[in-house]
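In the two complexes that follow, subunit A is the common piece, with subunit B as its partner first and subunit C second.
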Partner chain A sequence: MITQHLPALIILVPLVSAFIILLLGPNYVRFARHTAMAASVVLTVFALLLLLETTQDGTIRYYFGGWQPPWGIELYIDRMTGFFLAIVSSINLLVLVFAAGVLEQEIRERVVAHYYALFLILTTSLLGIAASNDLFNIFVFLEISSVSAAALVAVNGNRYAMEAGVKYLILSTLGSGSVLLAIANIYMVTGYLNLTYIAEALPAAFAQYPLNIVASLGLIMVGLTVKAALYPLHIWLPDAHGSAPTTSSAVLSGLVVKVYIIVFIKFLFRIFPVDFIEIFPIQPNLLVMSTFGILMGSILAIRQTDIKKMLAYSTVAQVGYIFLGLGVLTPNAVIGSMLHILNHAIMKTILFLSAGCIIKLTGIREVNRLEGVGRVYPLPMAAFSLGALAMIGIPPLNGFVSKWYLGLGALDADQPFFVLIILVSSFLNGLYYLPIVIRSFFGREPRFSEIKVLPIGARFTLTALAVAIVVFGLFSALPVGYLEPAVEQLFAG
Partner chain B sequence: MRDLIVRVIARFIIPFIQVYGLYIVLYGHVSPGGGFAGGTVMASSLILYVMAFGARSEKRRLPEWVARSIESAGAVFFVAIGLVSLFQGTTFLANQAAGFPMGIPGRVFSAGAIFLLTFGIGMKVFSTMITLFTHLIEEEEKEGTG
Partner chain C sequence: MIDLDLVKLWDNAFYGMAIIIFLVGFWIMLTHSNLIKKIIGMNIMETAIFLFFVAIGYVQGGAAPILDQQGVSYVNPLPSALILTGIVVSVSVTAFALSLVVKLYQYYGTVDANEIAYIRRNEE
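And now, the complex of A and B:
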């Protein structure tokens, strides 16, 4: 009985748990932590079940209230969505395990319970965006995600976090606004909000109202690239991800930025057929923006002295990779993009979490003062190094696999230039990650007045993520085997 | 804000606003309006109260934790109504199919789950408006005194 309701339950479980936490109020911190953890465990199980189900049936549809589309609201989980739901829920669980024992030291006691609730609401919105097949529903979840993400940035309450949060909120709302305008335009000319029906009605609507559709494509592109922080529109990201609490940064960088790319993929493949896309200059635009993003993100990261800011700029470059695959638009390149969504989620989460640990243990934020830290605190620094090596794309680790597929995709499209870009960017990545790794392990051992111990949850999460990096690098056939039919499904429309 | 006229008028008009708000919530499924509009109207009565009598006495009437609980309870209530249909073997938020009594169209107690859902939305919107307003007021007071 329960399996047929999984698509709805996956959204409801975190939502209800968040409101139960809020119902009890800020004094029940332990209860909030346990509820959040339990909700995430249930969520992860559900998401993995859905993932299995998509491998058998292909696409799962769920109609709210039993109303058939186009009247009712539909949840639509294809392989691509199932993949993303599994990533969101498992990373969410790992970050929550990490948060236990660390979070209380980073934010005020009074807001810890609310933080858990906000975190679950953010997860709800991410899952909802991915699973929904209804444009207006997607917009509502987009709004929930921008508001809750901005709150998760500003939760520290210090001046920098506040400023970053407000900046993020404004730009993100601007992005939602233009997505809303695009949705309104599409609804106006097709008369549907359901993606499947829009795709059917679009060719006729395009013959009659071409300008509305061109405008909505442009608005979608701008709106979603602002929210996903593609290069020239990335200005909010380094501040927001750099000054947020550790767990927020990890989720914001690892998951939130990706969900907008998932929405973009939905628009690209589900609404606008591929031959339709070729009429408009979307691909060239994406290619230019992502090329600059990959290079400039890395170059700007080299100049940073603050470790979290550096990681944030690295996210700008990695978002460029994912959009590069969508710009090249060959099956292999799209597989590369999807793989990079997974791999970057793992790598960036481990990097942000271990950097957060290092900052908490040593009090050092500056990159060049990390000398010898790895000798005193081997676990977080080893986790950081593993993440950094994977980010550069050293072969047995997972970062290499997605870069490999992106490169293959670029070659399929007869555009070897982008392979060069990926290579150059990998060298640039090495330029800012490797000195930290080398200095921290081979530098002079520093003297700390006291040696602190990491909570067990933090150690568990870092280890699990490190294992995931190696496993998804060595057994890359696992995700690739799942993604090949997924991408086929996307290209089939 | 010690204006006698404002206080007398407010005391006179607040019950009417509240009844009207409740009316819009309860008749949400048969006439224009619904949970959101009705909840806002209900909240506006309390905002008027704060303007006439000050935030302190409003806090006594509706403590913050009550407002917060109503807010979360509204959301949980909404989802709970939706979940009823799962146990009846249909999909989330199903109405007639889940066995909610439909009643006679046009009557107040009709339309099954919609009636209850509107009520849940009304609760949530009402208390959210109040909490937002009191938070803004608090900020101002803090800045004024500190």
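And now, the complex of A and C:
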């Protein structure tokens, strides 16, 4: 009975819990934490159930309120979406476990309860964007995600975070504005907002009104790449991800940027058939932008002295990888992109969380002052190192697997140039990650006036993510086996 | 090539105007350094999209979509209903952006992005 409503529940559970927290007000911090945690546990279970269900039945369709499409709003969970829902809910749970005991030191006490509510609202919007099959519904969730993400950046209360928040909000509104105009154009020529129906009506509409379709493709491309921070449009990202509280940075870099790529995939595969995309210069554009993104993101990261800013620039490069796979557009490359969404979510979360721990424990933000920190605080530094090695793409770790598939995909498409780009970028990654690792473990041991202890939740999360890095590296057949049919499904339309 | 058909252009003047207003808003957002003006530009841009959306549903001489008489053409109600949601979203984004700008003004004493950047550079 209840399993039938799982797709709706996965959106409603975090939303309702967020409002319960808000209703009680800022004084019930413990209650807020427990509610958020309970909601996330439930969410993760639901997402995993959905994941299992998609492996058996393929696509799950859910009609909100029983209204049939094209009139009602439809939730559409195919394998790709199920995959993303599982990533979002489990990373979300791990970050919330981490937050207990750490969050209170980073933001004012008055806003801690509200922070949990905002966090759940952000999760709601991510899940909603991924699951929805209705363009306008996707737009509304997009706006919810930009507002709540900007709020999660600015919640710090310091002026850098405020400034980054304003910048982020304005640019992401620009992005969603473009997407809305594209949606208007699509609705205008097809008369539908449901993706499945649009896909059916599109070829006829294209014969009659080609300009609207071309305009909407361009607007989607601009809008979503601004929001996903593909290279020349990434300017908001380093400030926003660098100055946000630790837990916000982890989620923003690990999950929020990716959800716009999922929307992009939906537009590319679900609405516009693959042979259709080849008429327009979307692929060449994506390839150029992502190549520059991969190289420039890494080069800019090398120049950073602040550890969180460095990680933020590294995200710009990694977003480039994911778009590279979509630009190459062979099955293996798309598998690589999807895998990188998973692997980068794990790697960037562990990197941001452990960097946050190190900043909290030592008070050092500068990269070159981290000498010997690993000897005093082995756990966060070991977690950081593992994440860094995975990011470079050392073989048994998960970062290697997604780069491998991206490389395979590029070779399938007869474009070995991009394999070279991936290799060069791995080298550049090594150039800024390895010195930190080496210096922190082999440098002189620093003297701290007091040795602080990490809360148990933080230790648990770092260990779990580290295990995930190794597991998804060694047993990469697991996600790949799930994704192969998912990508087949996408290419079949 | 697209041949310019003035009658067709006039019939679609709604859309043309909406695009012009959209570009005005876009321009303001990108070129002005005053944050309040940026937010105003954001609103102009969104208003243009709303106009565009509502114009899609408009039928020349159409009645309000109340289904009690036969054989009358109706204005499509869906875009208007959607844009109602869009306006709510836009208002909340504006409110939030303005509140952040107020905070920034308290910190820096200015709402100009260039001046804020200048102050920050001098601090470092």
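Quick note on the criterion: the second predicted complex is superposed on the first by the 493 of 493 C-alpha atoms of A that agree within 3 Å, B and C clash if a C-alpha of one lies under 4 Å from a C-alpha of the other, contacts with A are read in each partner's own complex, and residues count from 1 in each chain.
The working rule: contacts are C-beta pairs under 8 Å (C-beta built on N, C-alpha and C of every residue); 3 or more make two chains touch, one makes a residue touch a chain.
Treat the numbers as computed from the prediction; the structure is a model and nothing was measured.
Asker: In the overlay, answer first, second, both or neither for which of subunit B and subunit C A:Leu22 touches.
Answerer: first
Asker: Going by the contact rule set out at the top, does A:Gly165 touch subunit B (first), subunit C (second), both, or neither?
Answerer: A:Gly165 sits against subunit C, while subunit B stays out of touch.
Asker: More residues of subunit A in touch with subunit C or with subunit B?
Answerer: Looking at subunit B versus subunit C, the one contacting more residues of subunit A is C.
Asker: Go through the superposed model and pick first if A:Gly481 touches only subunit B, second if only subunit C, both, or neither.
Answerer: neither
Asker: Looking at the overlay, does A:Tyr62 come into contact with subunit B only (first), subunit C only (second), both, or neither?
Answerer: A:Tyr62 contacts subunit B only, not subunit C.
Asker: Let me test your reading of the model: by the given contact rule, A:Pro395 touches which partner, first (subunit B), second (subunit C), both or neither?
Answerer: neither
Asker: Go through the superposed model and pick first if A:Met188 touches only subunit B, second if only subunit C, both, or neither.
Answerer: Touch partner of A:Met188: subunit C, not subunit B.
Asker: Quick one: which bits of subunit A touch subunit C in the complex? Just the residue numbers, please.
Answerer: 136, 139-140, 143, 146-147, 150-151, 154, 159-160, 162-163, 165-166, 169-170, 173-174, 177, 180-181, 184, 187-188, 211
Asker: Would you tell me which residues of subunit C are touching subunit A in their complex?
Answerer: Where subunit C meets subunit A, its residues are 2, 22, 26, 29, 35, 38-39, 42, 45-46, 49, 52-53, 56, 79, 82, 85-86, 89, 92-93, 96-97, 100-101, 103-104, 107-108, 116, 120.
Asker: Can you name the residues of subunit A that touch subunit B in the complex?
Answerer: Counting only subunit A, the residues touching subunit B are 1, 5, 8, 12, 15-16, 19-20, 22-23, 25, 62-66.
Asker: Mind listing the subunit B positions that touch subunit A in their complex?
Answerer: 65, 68-69, 71-73, 75-76, 79, 82-83, 85-86, 89-95, 97
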